[in-house]
Structures are given as C-alpha cells and as structure tokens.
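Going by the order they are written in, the chains are A, B, C and D; count residues from 1 in each one.
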Amino acid sequence: MSFLKPKTHIEQGDIVILYLSVNSMHAIEAVPTIVNKKGETIQHVFQTNYGSLKVESIIGVEYGSRVELSKGWANVLQPTPELWTQTLPHRTQIIYTPDISMILHQLEVRPGAVVIESGTGSGSLSHYILRALKPTGHLHTFDFHEARADQARDEFKRHGFATYVSVYHRDVCNLGFSTELDGAADAVFLDLPAPDLAVPHAFKALKLSGGRFCSFSPCIEQSQRCIQELTKLGFNEICSMEVLQQESVIKTRSLPVIDLEFLKLPKTNESSTPNAEETKTPKELKKYLTSSNPQTLPGHTGFLTFATLPPNIPKA
Amino acid sequence: MSFLKPKTHIEQGDIVILYLSVNSMHAIEAVPTIVNKKGETIQHVFQTNYGSLKVESIIGVEYGSRVELSKGWANVLQPTPELWTQTLPHRTQIIYTPDISMILHQLEVRPGAVVIESGTGSGSLSHYILRALKPTGHLHTFDFHEARADQARDEFKRHGFATYVSVYHRDVCNLGFSTELDGAADAVFLDLPAPDLAVPHAFKALKLSGGRFCSFSPCIEQSQRCIQELTKLGFNEICSMEVLQQESVIKTRSLPVIDLEFLKLPKTNESSTPNAEETKTPKELKKYLTSSNPQTLPGHTGFLTFATLPPNIPKA
Amino acid sequence: MSTDVTTPNIQLGDYIVIQRQKYTKLQKFGSLDATSTLGKETLELKSLLDQPYGSTFKMCVKETKSGKRGAQRHHTLELCSDTELRSTREVLGISSSGADNRDICDNGEAQALKSSDIEQLREACNESSKIIEKLVENSKTFHTRTEYSQEKYLLKKEKKYFEFVQIRQPTIRLMVDIFYRQDAEKIMGIRVDTLSQIISYSGVCGFGNYLLYESGTNGLLPAAMMNSIGADTEGTLVHMHPGNVPQKQALLALKLPLEQQQRCVSVNLYSVLREFYQGETTSVSPAEPSAVEAEETLPETPTEEQPEAVEPSTKKPKLDEAPPRGNNKGPLRWQLENKRATTLMHEKFDSLVVAAKEHPSSILQALLPLVRPSRPIVVFSTCKELLQETFMELKTSGKVTALHLTSNWLRTYQILPNRTHPEVNMSGNSGYLLTGFTLK
Amino acid sequence: MSTDVTTPNIQLGDYIVIQRQKYTKLQKFGSLDATSTLGKETLELKSLLDQPYGSTFKMCVKETKSGKRGAQRHHTLELCSDTELRSTREVLGISSSGADNRDICDNGEAQALKSSDIEQLREACNESSKIIEKLVENSKTFHTRTEYSQEKYLLKKEKKYFEFVQIRQPTIRLMVDIFYRQDAEKIMGIRVDTLSQIISYSGVCGFGNYLLYESGTNGLLPAAMMNSIGADTEGTLVHMHPGNVPQKQALLALKLPLEQQQRCVSVNLYSVLREFYQGETTSVSPAEPSAVEAEETLPETPTEEQPEAVEPSTKKPKLDEAPPRGNNKGPLRWQLENKRATTLMHEKFDSLVVAAKEHPSSILQALLPLVRPSRPIVVFSTCKELLQETFMELKTSGKVTALHLTSNWLRTYQILPNRTHPEVNMSGNSGYLLTGFTLK
C-alpha cells in the first residue's frame, strides 16, 4: 500500500525500494516470510551484491533510513512511479519517465480525470496515471494478454489503487472499449501495434465536451496511419514529437597542462637557471569539474502523437 | 581563382570573404570597377552595416588582414568551401558543412576520385567535392534547371575549377547520367525529389570494381523508396542517418548567490554585529564561464542514406 | 447539435485563450469594453460573454485605420457554426499541380495584383477564402508549382487572412505553450518537457504537502503544481518567492475553486524563513526583502499584497476576502500566510522543487532541512554549471541520493503523406534538472 | 564474371579488414602462418594470398577445442562464389507469421533442442542456414511470432552461426568504425562525424602544408589527413606527437605509395620545438621528452625510432630506407625528420589541427605562430570545459576570428517497410571542436 500517499515508516506488506547505487536498486515486499518453490514458508532473505538483508528487520523502519546488509548497506526508499519504473518486473517493453511525463502533461491528467489506457503492459505508465488522477478520478486500462491483465489487476490492488482502476482483458482494436465507456473519458492513451484500428473507439469513448488523445509508437508508419485516422474523424491540434532525456555525467577530472615555453630557453642553461625545477616537470595536472554525456544515449523510444477531440463533434 | 589553393595575397578577380562578425560576412569579388544597371562602369564600392569599402583598396592586401570600412573595420579572408557555404547566393536550398563532411567521408572522396553529383543546386556541396578530389579527380555535376547549370558552370570557372568539373543540364531521373559515364564513377551523390528514379542510373555509372552511393532527402519516404531500389539492385552496407551540429554559446555570466544564513540571526542584533555589512547585501554576484545552446537549433536537415555497390556486380 | 452541459461558459473576469490558427494568446476578459490585439487586428471581446468555451467566432471588420505599418483593423466577433469552418484548400478545390518546379523563375512578378489591390480586396470581402481565391487566380505561377509548394503558399496566405478565432479555457498545457513562445524568459526558460518532468519527479499529487521556491515564472510553476494537487483533495503547496508580491497570473487563469486556491500558501522566502527561525514577527513588514530584491515593482502601499493591482478592473472573488478583519486592522494577509507556512514547515514537506535564477546551493541548504526523508527533490536551472556544483555538494553531503542531472531533447515532426520529416527548427534549451531523494 | 583489373590483390604485409556480417576487424596479414580471432572462431589466413580484395571466404571447421567458455573452433578459409551468399530468410522461405504475440508465453521451453544438440549440429553441418533451419524447425513458438519477432530471432541466430567472411581493403571510413567500436579511447573518442568535420574545417587537400598535433589516435588522424592530401599531389603534413614513436597503425594500413608516405613528417613535439627555437641540436636525443611523456612504451634502443617494433614480422618497405646511410652512422631518422619539419615550420603552415589529451591552450600558444594568416584552425577535445577556456583566450587575444565551439548529434535509422524508426541506442559523445581562422 506504499504507493497511495507519502508515508513515514515501513509497514508490513509495503513495497520498498532497496537503493544500493544509481545502477542497482530493487523493489522488495516488506514481509517477514515467503513461500519457497517447495511450498515451505521460510524467512524472507533478500540477496544483493552487497550481501543479504533479513527483510523482517526493515519493518517499522523510517523511509529514507540506512539499513545494514551482510556485506554493506543500502537505503530504503518509499516507492514512487519513477523508482517503480526502474525496478518493476518487465512483462513487456515499458515507457519511461521522460515520455510518460509528456503524456500526462499533454493528456492533462489531474485529480478527477477519467483516463483510458491500452495496453496495460507492465503497468509502468498506469502507476503514473493513477498517481495523477487519484483520489477523485478513474483509470480504465485494457490488455489483450489475459495473464498480463490479471497480473496488473493484482499488482494495482496490492499497491493500494484498487478503487481507482478497472483492468480489462480485451482486444480493443476489434472490440472497442465497451459501450459503458462511450463518452466517458477525458483522455485516451494507446500503445498498440496498430493504433489506427483503435482510433475510432477512442473517438467514441471521449466525452462529448471533447478530450485529449495520445498514441505511442516505435515506428513512424504507425504514427502516419494513426494521424490519417485522427484527421478523418475530426481530431485537431495533431502533433507528433520525440522526447529524449540526456543524462549528464558529473565528475572532477584531472587534466594535463603542458608547458612548452621552456623549450625556447637554451638547453645548456637548464641546470643553472632558477627555473630548472620547473623545466623538468613541464606537465602538471589541473582539476576541472566536468560534465559529459554517457557513452550511449537513448536514441529512440517512440513517437508520441497527440490530438484534441474538439467539443460537440457528433458521434453517430 | 582564390579557391584552388592556399594563397597569401588578394589578387584582382579573387573572391574574398569580408568578415564582419559571426553573423555577418560577405563574399565579394576583388575588382576595382563594376557595371551598374544602366550599363555604366563605376567604381566598385561595397556597402556593409559598418559602412562602405572601396574594393580596389583590398587588392594586393594580405589575406587575414584588417581593412578599414567607412564606419568600422572588417577582416579579409581567403574563401574556403565552409565560408562560401555561408555567403553564397542561394539558388536553391543548400546542404551545410556537417552533412557535407559526412557525405565526403562516406563517399571516400579524395584526390583522384571521380564523383557524380545531382543536382548541382547552388554549388555548396560541389565546392567541397572539388576541394577534396583536385588536382587528379573529376566532378560530373547535373542539374535539370538550365539557368542553374549555366550559373554553376560560370562560377566554377571563375573559382579556378574549370579543369576539374563538368556541368550538365540534364534530367537524370529520366535520362540517366549519359552512357559515357557508365562504369566511370567512384561515388554518386543524389539530392533529388525522387532519388529512387535515379538509383538505377547511379548503379550503371559506378565502377565495376564497386563504389559508394549517397542520397540526401528531407523526407523519410524518399529514403524508404530509395533503399528499396538500392536493395533490389544489390547494394549493401545500406545505412541511413541524421547529423545535427550543435553550437555552444560560450559566455561569462554573473550569477546571483543569495545568503539565507543571516535570517537565523535575531534581527535586533543586525546593526550591532560585525557582520552587519554582510547581512545588508545577502545577494552577491559570482562569475561563471558558461556554455549553453542557442535558443533555436537545427532540428532537421535531411536523411543521409549511404550504400556500397560491391565489386563485380553484373550490370546487364 | 446540442451544447454539452459540462462545457463552462465565458465569464467576465476570466482569463481566456484566444486562438487564431496556430497562434494562441492569454487574455484577461476583464470588462465588456475589453479588446485584444492580434498583430494588426484589434478584437472587441464583448460578444464572448456567456458563450461556451471552445466556441469559434468570426472576425468582422468594423473599422480600418491606416497605421504606420499598414492598416490597423478593428473587429467585432460573431459566434459562428462549425459548418462555416472548412479548410481553404477544400473551398478552392485545387487539383492540378506541376511535378516539380523546374520551370519557375523567381522574378518577383508572379502576382498580378498590386498590394493596394489586395488591401482593397481585403476591405471588400472579409472572407480569407475569397481573398486567397483571388490571389490564386491572379498568380501566374501557382498552377505550375508543385503540390508541396502550393500548400506552402496557401498556408502562408491563409495565416495572413484567416478570419476566425476560437476561445478556449486556459489550461497548463495551453499556457506553457503561450508563455514559452511569447517570452521564455518570463517562465525562466522552463520548456514543456521540463515542466512535465518537474511534475513527475516532484511526485506532486492529491496527497501530501509540497514546497516550492521559484524566482519568477508568471505563476506557471505554482499553477502546474496546484493543478496536480487538484480540487477536493488533501494536498497543500507552500510557494516561496523572492518578491513582495507572488507572480500569480497562470494560477489566476486556471480559475480554481476557492478551497483549492486556499491550499496554495504564497510567502516571501526571506520573511518566512526569518519567522520560522525566530518565531512570530508581526512587527516586521515584508518590505525588508524588497531592499534586496529589485525585480518586482513595488506597489504604492508596500505593507499590503495587491495581486490584482495590475488589472484593477477584475471582478473575480478576491483572495483577500479570507482574512476575518478588514485592511490595516488585524494581522495582514502576508502575516497570516507566513503563519500557515511556518506551521507546515515545522511539519516538514513531502517534496521540494527549486526553480531559481540564483545559485540553488544556498537555497537548498536552507530548505532541505524542511523535507522529510525518502522524498524527491527537483532543482531547475538554466545554467548547467550551477547544477554541477550543486550536484557535487549534495553528493558530498550524503543527504540526498539517486542524484541525476538531466536535460531533454524535444523534436516535433511533420507527418504528412510522402512528406514526413522532423521539423526543421527545434528549441535548443530545455534547461537542466537535478533530481534526487532525501535520506534520513 | 571477370574480376575488375583495378581491384588490388591481398599481399603479405598488408593490413586487411575482415568482415563477418556487421562485425569488422583490422588485421595484419604478416605471414602465411597468420591467424585471426573472431570471438570463439580462429581463422587461418593463408588462403587469402593474392585473392582480390572484396572476396568472400567460407569458414570451414578444421578443429574444435573445448575451451573455458564453450567450444573454440579453428577454421580454414575457402574462396566462395557470390551465389553461395543468399539471405538466410530467403533460404528458409518463411512466410506464415502470427499477427501479434499475444499467445506467446515465455517459459524458457520454446526451443526443443538442448544446447548439446546444437553444438553437435554445429559440428555436423557447417552451414549457418542449415543450423538455423533446424533451430526454427524445433522451435515451438517461431511460427506464432510476429514477422518482426521472427526477423529478430533469425538475425540473432544468423549472427551466431554465420560462416562467411569478406576481406576488404582498409580505408579511413572502415577504420574509424572499427577503432571507435572496439575502443573509442584509442582514437581519443573521435567519432566519425567529428573526424569528417576535422577534415572539412582544416581544409586539408592536395595543395598546401598542414600541421597536426595529436596525442594518440593509433595513426587515424595523420592517416585521414594524408588520405585527403592524396597521392601525386603537392600537400605535406607535419605530424607532431608527444611520444618517442609516432602511432602509425592506421597510416600503415592505408598502404600509401612511398612518395605520399614521405610527405608525412612525424616528429616529437618537444624535440622539434627545441630545434626550431634553438637551431640544429644533433647531439640531443629525443629521449629527453620521454622523461616527460610516459604514455609510450620505450623501445630497447631509445635513440632510434622503431615504428615496426610492435610487429617485427612485417615485410612492407621500411620507411627507414629513405635515409642515405645506415643506422647509428649519419644523422638518425628523427634528426632528418626534425630538420624537414623545422624547414616547413619556418615557411609556416596553411592549417593547424590539434587533437590533444592535454589542455590545448599552451599547445596553441606554441603552434599558432607557425600558421599563416587567414588559415583555418581546428582544435578537438573530449572535454568541453577545456575548449571553453581556450575559446575565451583566443577571443581575447584577437589572433583568431570566426570562433565556433560545436559538437554533433548523430543518429542512425532503421528503414524497413512498416518498421522505420531511429535506432534505439545512439553514441553519446562526439567530442567537441573549436574552429576559427587566423588573422594577421
């Protein structure tokens, strides 16, 4: 239940982020025992690169504390959608914070919003949408893969979101979002291989007072077909973009500075001049606080296509 | 003739770059007189934002010198393809140094190379190709617009390139590069609205020992069709890319640093403490050498598609 | 077609977004006499009253004055039906286009109409489609241009002569676009992608108490955070600023319900920190920091906040109505706000956002102790060098973990059949974000 | 099909590029016993001799040893015809693909063949297409995957089992790809776009005298500049380096004609500057700077350059053949080179390129006076902060104009029917270029 609102101490059943380093963190469930493969109930011990953690020991601890591991230490953090996205079990390719932030902004998701999402996938985006629309809005999320829909439903419940979300197993391209949702949504988000097939359903599901639409596609052809369909149905403000986040690597570098002036002095003078010491070490190191890009950057995540359904477009 | 090789002094007839500032430079012809619209021969006076220049006065001056204008001064530089690209009369959209550099690199243009280019356009790329292949190679450049081809031919001649270039007025998509050039080229460059139509002609024109191909297209669909055609004809190492150069704006900025510690001291103490002076000016300026992006960056120039024609592909 | 009941109507006192094609503008509809200027066109806003948001109005020329840079036109607005809105291209029904532009010579004589003819035409027929039709008829080269080139020409002309405006309700999304386009400096260069990430990384939502310091974004940052906190929720924002008066334009434009407005506590940074460290200081006026901070223009009576002073004709409910007693009697508004803020400061916050023109380092030193452990912090600056220093300081202090310094690369695309490519220009500066989580 | 007469043949002593699918490697074909290792595969190169460049060879397993990390295979190479090269996809003729992957459960049991089966299969049939065919046959999920997913699977398998290599002649284009991919640090992180721009901005071509200082790029920078200077031209390069021995691998790999090789004068920075300032100093050995510069390993006889010491079996013409007298008798090679360089330094240069690991500032101070006015300079560094300082220094000095500090953004695209998108990963560091023109 540690996703619903800010809290100070770890309670039993919380998802907790065990933070070891920028590149190493884990989402663990704060329960004292687990059931192993043989069906036996055993003590919950979590293994990390810095040794093991008896999970029972962190229950009751204040979030943000340092906890000891058998060969080091870690910090326990309350999960946020950002941390969850970096630690969640991948059931599909997921969308990350920079794209998600733009999606929420463009879809104008805020408390009270009714949002439709398809597909649910690993629930990375769903967690952000739920944070943004709770406690007065509702998320309707669809996946065509039954196991994934079930897993997501279970996860949302354990994370404290049960009342704010409905999870559907449904092929929305062929079947739409169900007639109950006609004219119900403020925003529709699609992450589908053929988004154009679901655009007419999105059109139906949006409120008569209008709403916002987004499709996320890895390939440009998907965006092209999606936009054709959007245009046909009277959507406007159609806009496609890419967002790429660049991380800066900050470090203090010692860089060599060489002296070449001494070469202008005749060599024979070298040992007799007062500068002799200096001429023997013409290379010194100077410290710089530097910023650089990592060797590899994300070059592409997907194309985001946004559109507005204007108010009072007849849907018959 | 100032493009052929490095030279030290301005001679009559040279193209000279009059450099006023990063955003202001002009290519002028070092001739003492010009013919005006009425057909009269008059003194050649060039007007700039910093006043006028009697062009006769720069003949014989060393390149890199400062020359006086009536309301300021400028530097005279020997033209390079880079400077020319920034000052040339635009007859079409042109390609700039970052893309051109990649094109020359990928086409492996070096002295002795035989290169085919279509279209000639404003000759921006042509000047780079000519610098790279002279004095032992040859450029065959084609444009479907007769006036442009004539202008380019005249320009190349005046710039000293006459022996290294052949300019053709020809619709290469329909007519090809002429049979004389069959199997003659080391590299073919296309900047055409429908590059796919010219790919079979490029195939014919490349040497039997193989060669390199490049197409520059603003739109992705052009690249898609071009690649389909290249694949069909047996080209390999097909690779598409975008190159975007980012300029850094370097400046020393004075940035405010505020002191909030003084607020922890009781206010009544203020005038009696030795720190009184400091607490009255809790905001000081600190100097930083900073680098930032310009407000607007080039977001797109074109897609570059490269390919290799392997050796010994039968052309019949 | 019936108007949807949930669409609100345009009221006096509202901020409205006026849209003419892709151009958008934030405008206060302060009185029935209010006008708005779009380039050379002046619009009388009177007829907007009580019409639903989202409506489109036709600009009808009422008067033409010749100004220094061409004719200045005065328009009334007439509500129009959707069927009046057809694309100019459809109207003109252009079909025949040349295959390429090889035969076009640009000698400046392609248009047979003189500019005086066009000006006359414009007064005679108000419809852009008719004007453009005439221009096309009199163009010698239009029909030999490529389709692409024709489209470009039409778009250019349509932009110039387009006679419809749409009135929309301000949202964060619309406002950040307007502000960034008009003058990015006024919102400290916070680009849309960066704003969206400030909201994500700060975790601001319907639950929790949030702390923001910003040195001037026309109210955009507090508005965006209040928007995410939402109506009828438990969330609260303490909004610290360096001036005498908080910049609130974007916040006012959102027209939030009163209960939500009241959960945004705007206080002067210096004043509230002094009160926090030294207890109640009712005798100290907030004029003190004004000696320090010269960026805000000082109102005539510096002892009282006057957020509406800039546009005194507003009729919306005054925020000042909350204090129980009248002016200059009981505690002043800023004193009450300081008190509310210091109470929240003692309880500590669930997140900290700093968007400073100043070096963020000393601000973080002062505000970090007010944040609970395991809470996100987000620091924005246009100057990477400052964040690099701050990054190193925080890293060394051990008080914040999971530190990241990021910026963004945002590129929009033109997606049209056979003409798909990234837009030729892109914005170069997203600004920089430093993010992390506090530790115990 | 006749072999084109202009295609050169592979000779002993050549550097060759071995290509297996997208993987490329620079290899010295030093002797008939030479082998090359590609992952777990070792290739005997013997059969390449006298075959034309561009030929494709089939890897034929000669021996399999079981190593620590799986089987190590030893192959001979057999020249093969183009018709043997068909895409695996065509061979397998896969057509039926699922519409999406909704029914695939990833339980690790999709492949019926065990890894021991696959290893056996590999020894039995050498052809990747056959191995892959078997793998596909025994895959329970292959035919229910989407076409995209099938393609990905096939590419992955093809990469692993592909049995052909192509032998190509080294060019700057091929080498910068190899070096950057294998270890970008060895060429100071100079990416392909940056290299291409160094060549443009420096203006290096068949006419003129060029000056380069580089602190170690495996010979790539001097090779790229010599490549642009060309054979049978007038251009000359003075190549200054900080070590005892210039790094020349890429230059040797180009196999330039002798006359062209001789127009590259490689000298030690310290040694040549001392000689330039103080006249001939035949008694001073270049060992002096070696005390300063520890990056190069010192050969046994530090008084003579030994560019081939690293690979003593090479048979190409020795660069040292030029000096008229034998070793340790007349002037040493480095002394002759210093002399040629100082002569050119007195004449001054038409361009200056600096690619330094050190702060470029003091290097520019020493070398800028050697450049004529109105000539381009190009300074490369991986550290922007150093170039920022240098930018300000040069701007203040007034000796260089049109200063620009740039970097690049390079992104490759996957362009396939219905699957077009930029590649998911891109290289983050182009390095930085500072460019300008000298003034009188």
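The rule is short, and it goes like this: a contact is a pair of C-beta atoms (placed from the backbone, for glycine too) under 8 Å apart; a residue touches a chain by one contact, two chains touch by 3 or more.
Here's who's who by UniProt: A, B = tRNA (adenine(58)-N(1))-methyltransferase catalytic subunit TRMT61A; C, D = tRNA (adenine(58)-N(1))-methyltransferase non-catalytic subunit TRM6.
Predicted model only: the values in this text are computed from it and were never measured.
Of all chains in the assembly, none touches chain A and also chain C. Path length between chain C and chain D in the touching-chain graph (shortest route): 2.
With each centre defined as the average position of its C-alpha atoms, the distance from chain A to chain D rounds to 38 Å. If you average the CA atoms of chain B and of chain D, the two centres end up 26 Å from each other. Between chain A and chain B the centroid-to-centroid distance comes to 40 Å (mean Cα coordinates, whole Å).
Residue positions of chain B with contacts to 2 or more other chains are 220, 242, 246, 289, 291, 303.
Multi-chain contact residues of chain D, defined as those touching 2 or more other chains: 384, 409, 411-412, 420, 422. Checking each pair of chains for touch leaves A-C, A-D, B-C, B-D.
Contact residues of chain A toward chain C in the complex are 4-6, 8, 19, 22, 25, 62-66, 75-78, 80-83, 97-98, 100-102, 104-106, 108, 110-112, 128, 131-132, 134-136, 207-210, 220, 223-224, 227-228, 239-248, 250, 252, 289, 291, 303, 305, 310-312, 314. On the side of chain A, the complex with chain D involves touching residues 144-145, 147, 193, 218-221, 242, 246, 253, 255-261, 263-264, 266-267, 280-283, 286, 288-303. Against chain A, in their complex, chain D makes its touches with residues 100, 102, 105, 146, 184, 242, 269-270, 273-274, 277-278, 281, 284, 291-293, 357-359, 361-363, 365-366, 382-386, 411-412, 418-429. Contacts from chain C toward chain A in the complex involve residues 1-4, 6-7, 52, 54, 82, 171-173, 192-193, 195-197, 199-201, 203, 205-208, 227-233, 350, 372-376, 384, 388-389, 391-392, 401-413, 415, 417, 420, 422, 432, 437-440.
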